[in-house]
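Okay, structure first, notes after.
A, B, C and D label the chains in the order they appear, each numbered from 1.
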């Protein structure tokens, strides 16, 4: 039973209110996301970029990746570090949750995935909405605390504590989680 | 444009882990919910009980109300104080969110409701999941802070602070909200 | 792997345009539905009444059953013949499909049902919409041709032929299907 | 109130059982679809390609268009004649219906579309499933009979007759519909 990795909204211009602060914290998280993704690639487990299109319905994901990679600072660094590979999946997410008005339920059914590792931004917004929806649909969930970010570390910690208390989500750091996934 | 009041999981045996503590805090919130509901009844605005059936698929809501009213302590007091009236609507909620696998989207469309007041339990579980889903669907939202409850006041405050910061939810107390709704 | 029986919109006042003709054909189908339901009861397989509430959001299903049983002619005969038993499930269906804005996906997941027998009215409206949704969700489907009805036998046959050609649905008569289900 | 045009599954290899026959009939329909689309482009009304990805989750729509255009015969002719323009929208459809596990509900909400013209293939499969879902969601619907196709003309006519009788769908030919849309 192989898990699936959902990378939420990391390909991002971060050009909204509070975006620069979020980008700085996301850049830190992107190191842990790279570690996690390398493990998934090594084991041929599915990696899915679940990403907002920022209401630009007419362009494709590859256009967004290209334009973000050319941005200065954290947004460009993140898009380059996490550049989607040909084997990675892409899911267009028009609302906060990865499950609402998206192809994700169909892809996960086709993949037979029952266990999800959810990473990305923002911990208390799109990540939380996706975790909540995945929890209600019965998935086993992992949200490594160093692979998610919010507009401040306090907001990320608050959302993680809520996930732990209200949904018993596993929030162990990425490296610990990788060891645990490889041991099972 | 009349609002709709969603009362989440207040008709409840509270017989699960942490249930008695939740019931005590819910009993306090039920006073504010009564104030809110009286205002809705007075103006003929719709009131909806959105309630878990606790996997008892074969019984009706009226059976659950009757059995809860007979319980000793806080669960019985709450069910009696909030006893559904004939004009109140009932929505069976099999998952955490009021919107998932329920008739709620159809009822709200028929009622033409665009603004929701969401109250009940637990602030960081079914209330949060419902608020998140309503937010993604574009409803104007109010979650009066004294009309919701969690297993501890800290958990309720944490979830409310998250709703304010991440979704700009109005969490003013019930009496303040009532004055505001009546002024518009 | 036990199947589930979905009985669509048979508890019905049939008081709409074309309703009396539909009621006459539904009365004929109700004999086959009784045979089918008796088999399900005998094997403790789940039976679900998936029924419109005709926009009367404030009443319960038992109220509708009681009021339909008192109707003269075919509507009353059908409601009496198919009177829901305490072990039968009830799903409120506000739209045409049994799956849209209903608890059905949650109940079927809890029951572990993978195979559905769908009966009731009308073959080319709510039955077809439910069959289409079930087909897209991967259920194995049976629609016994003598246990469904439309406003005319021609309309029922046309919808059944479409289901066979476009979705490869099994439409063998109820008694043949019962034998087949018991043999597996 | 501008309408939206949904073009279903016309960018297609038609390499499945019955595909060549479907492609021949689709090539005939593509002339009417071109007329319809030209009207939409002229008035800046939205055009959406709602298209299966044939389980090839890793490629983009532009890849499918390019590969279909190079096919010999009807599939290549259709993909060339209907080549998506930069202003056209694209919706990935993993199931039969244009509404299930897709971004379509979000796009249509953003566009404010209340009226849909649905064209493409197959009349008795993905077109019917999409029409059914749109009908249940309250859209005004038009399915021009010469702009849809099935594996045989009889199957297309049967599905259209069912849509007319059971859902009162307007199935007037494309040119008649264009005149009617321009007159309102």
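Here is the rule we use: contacts are C-beta pairs under 8 Å (C-beta built on N, C-alpha and C of every residue); 3 or more make two chains touch, one makes a residue touch a chain.
As the structure is a computational prediction, the values presented were derived from the model and not from experiment.
Engineer: Would you mind working out whether chain A and chain B touch using mostly the same residue numbers, over half shared, or mostly different ones?
Structural biologist: Shared-number fraction above one half, so same.
Engineer: Can you name the chain that lies farthest from chain B, using the mean of each chain's Cα atoms as its centre?
Structural biologist: D
Engineer: Taking each chain's centre as the mean position of its Cα atoms, how many Å separate chain B from chain C?
Structural biologist: From the centre of chain B to the centre of chain C is 33 Å.
Engineer: On chain B, where are the residues touching two or more other chains?
Structural biologist: 95, 100
Engineer: What is the complete set of touching chain pairs?
Structural biologist: Contact pairs between chains: A-B, A-D, B-C, C-D.
Engineer: Residues of chain A touching chain D in their complex?
Structural biologist: Going through chain A, the ones touching chain D are 55, 57-58, 60-62, 86-90, 92, 94-95, 100-107, 110.
Engineer: What residues on chain D touch chain C, complex-wise?
Structural biologist: 95-97, 100, 122, 124-125, 128-129, 132, 135-136, 155, 158-159, 161-162, 165-167
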